[in-house]
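Labels run A, B and C following the written order; every chain starts at residue 1.
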Amino acid sequence: MGAAVEVGNLTIAGSAEGPAPPSEAPSLAANALSWLAGHLVILQGFDLHLSPGTVTGLIGPNGAGKSTAIDLLSGFRPPASGSVSLLGMDVTRLPADRRTRLGLTRTFQESPTIPGFSVREHVQLAIESSGKRPRKKLQTKELLDYVGLQSVAEASAATLPIGKRRMLDVARALGTAPSVVLLDEPFAGLEREDEENLTRIIHDLRKDGTAVLIVEHRLALLGEVAETVHVLVQGRPLAKGPLEEVLRDDRVQRAYLKASGPTQSA
Amino acid sequence: MMFGKTMANARLRGVLPVAGAIAVAVLLPIGWGYSTYALDLATVALIYAMFTVSWDLFCGATGELSFGHTFFVGTAAYATALLESRLGCPPVAAVLSGALVGGLAGTLVGVLTLRHSGAVFTLVTMALQLSFHRTLFLWSNVFGGGEGVFIGTSWVNGAFQRYAVVAILSIASLGVAVLVRETSFGRRLRASGGDVRIGLACGVRVPLVRTAGATLSGLIAGLGGSALAMQSMVANPELASDTTSGLIFLLAMVGGFGSLIGPWLAAVIYLTVVHEGLVSLGSAQPMVAFGLLFLAIWAMPEGVTGVFSRWARRWKWAT
Amino acid sequence: MELIVLALLRAGDYVLIAVGFALVFGSLRILNLMHGSFVMLGAYGAHFFIAALARGHAEGTPPSITASGVLLAALATSLMGWAFFKALQVTGRTGPREVLGIAVAGNLFIAQILQYLYGTEGLNVTPILRGSRMLWGVSVSANDLLIPPTALAAVLGLWLWLGFTRSGRALRAVADDSQAAKLAGISADRALAGAVGIAALLAGLAGGLTAPNQTLSPGMWVHPLLVSFAVVVFGGRGSTWGAVGSAAFLGIAEVVTSWYWSEAASQYVALLVIVAGLVIAPKGLAGGTLHDVR
């Protein structure tokens, strides 16, 4: 559990409310998570162990179950089996909003927006609703500046291009002052400038002691930020380790070739 | 809650509509010279404004279209009437109790519709409203069937006094709705409709917020319903009918979905100006009235205020 | 025995009413709020057309006239249903909330028109077949006997149409994957309008056939709509057969409730199904979720 660290004047991550976990407990751990759709196995035997101040990647061909894993970890889907623990606490049965208030936050692959909300209101909502005590609360304006959205703060979020919507999703996640952040394809569709912004933000999160998990297809960008990477193929974990190592693995290469379509590496 | 910023915003988006509403309320009966007829008409109009505002408070925020608003109105009205006539409850207390019953009805609806949205939500609320309406006839020994339940003593005597009380309540309802919308709770309520994933990912307690919003909506609608029962000295099934429910729905939509002031004004204008204007049509009046609403909602799905704000934006670009 | 016969009749009744609604929902995930009005229009239309056709017949309208009246009403309703959705598409009012609002307004407007034309109550429709017949020792009104076969014919017809005709298969294509269907040149808009047309036809038919059993009122659009919704809630999103079974079950449940409990209680059955079905199993019964519904 990382202590709140100031980055400039802005504290972007802090300790969550809740009991202090034993010192060897990871920020987020998952054990044998599985999910089925009818008889189809979407995810099976997924284990995870995120330590504070680390950035982990989750890669795999399309349809490998990565977004499902995020859904299970964040509480948007109940697992068919397995458990999830956050900061030493078993959260498997807890709903998504509860997990957010406990310090686990996520972004969405489609970067949806709340209809009628401006950019600023999204961030404001996150800051207000995450249940953190005022002392650790962020200021909306500063967070928008930090993420690079100050110029569109009053715009209707639905009208933003996809790249800005992704950054808004990230800003919203940061607004909850999380201890663990799950990013679902955050780099997809980003312009150069926002790519750099996001990379900087992830590095800052690591320095703060936040644990980050990133699902991503743009492997070059992922390689710049992630220390370890998990590979998921057809719902099952295949390999784990530093990105370069994992990509050299025969099985991983074959899995990517077998899956329809080439992977995208920027 | 950043109170300072809220107050600054409120000045623009809150005080203006409320001030406008006060002006309307004061001037409204003038058209007919403050006669008893005019006052009664205006009173009913302002009560319906409470209905539409309370509808918009929840539905405009969450984006879910309720067809069951008369469930709140009806339960409150009948509770008031029954308390006053069968249990000898003093009229004012009966009205307040009726409002509470409306609030409870709101809680019930909120809980039952938690996971539903879109047409499913609309149909569920329709089913609830119909259940209540049917019950009024099936248990006619309790609810008086088609005749309803009569009220012995009014809560306020005098047409002008009743108008004044209702005007205050109606404007206060608008004020509360506007205030709610501008605060953190309002934002949370808006995040609790339709696609609630983002709200959940922000830590919003969606079920709680939604239920609270529905309760508040029911409370205000119930207060209006009780007042309406007191106005006509009877609680009858018309108050709980699908036609009335649909009327509230349509007036709010045509007024301006989500704008609060739009629905408020729409109810007031419809029940005074339009009503009087069409009186010469006799039995064709409801048909023409609903025909106009049908055309209006087809032509302006976002309502009149939606159209205005689009013009305003185009103006801004042009100048 | 009487119970069984009554239950069968009610089941057939509800199947005919609900199968069109289930078709539109099952294939296009749209809950058409005008469906109840289709039934109502079928009933009032039958009255209108029968009266129009029967002019000149001094006494007792022959079944051919009444049957024609009912059919014309059903066709007129079908046309109106199709035209309504076409008009929505042409004017660009296709967003879910827009359609919802306009449908609600439409229901109420139509009800008011009918109220203006015909008053609030006491309207009757002549049955196609008069008198009663004995079925398994139970006396039934002859007109009612027309309903289950019609319902069966409707369901079979739908099944054949969906399975074996080009337009039917086009609808299924849109249902399965509207993007792919678009690429294949099939328009989802046309599919929707067509499906609604069929649904309106069946609903109008139901209205005309069941009209002799009740006095018509302008508020009669509510009950068929909720019955149809209850059928879909209970049967889940799925095949025509699922809706058939569900409608039959609902009809049977209502009659049984009325028999063993009271007529009043049976009126709550559909409503109970809706509320219970959605609260207890909000993820949708019998497969498929009611949530990704427009």
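Operating definition for what follows: a residue touches a chain if its C-beta (ideal position, glycine included) is under 8 Å from a C-beta of that chain, and two chains touch if they have at least 3 such contacts.
Remember, predicted model here, so these are calculated numbers, not experimental data.
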| Taking each chain's centre as the mean of its CA atoms, which one is farthest from the centre of chain C? | A
| request: Compute per-chain Cα centres, compare each with the mean of all protein Cα atoms, and return the closest chain. | output: B
| task | Please work out the Cα centroid separation of chain A and chain B, and write it as a whole number of Å. | result | 42
| note | chain B and chain C have mean C-alpha positions lying a whole-number Å distance apart equal to 32
| query | How many Å are there between the centre of chain A and the centre of chain C, using C-alpha atoms for each centre? | reply | 48
| Multi-partner residues of chain B (at least 2 other chains) | 63
| query | Tell me, which parts of chain A touch chain B in their complex? | reply | 74, 76, 95-97, 100-101, 105-108, 112-117, 121-122, 124-126, 128-131, 140, 172-173, 175-176
| message | Using the touch definition from the top, list the residues of chain C that touch chain B in their complex. | response | 30-31, 33, 91, 93, 95-98, 100-102, 104-109, 111-113, 115-116, 219, 222, 225-226, 229, 264, 267-268, 270-271, 274-275, 278-279, 282, 290-291, 293-294
| For the complex, which residues does chain B have touching chain A? | 1-2, 63, 184, 187-188, 190-191, 194-195, 197-206, 258
| Residue ranges of chain B touching chain C (in the complex, touch as defined) | 63, 65, 67, 112, 115-120, 122-124, 126-128, 130-131, 134, 138, 241-243, 246-247, 249-250, 253, 257, 283-284, 286-287, 289-291, 293-294, 297-298, 301
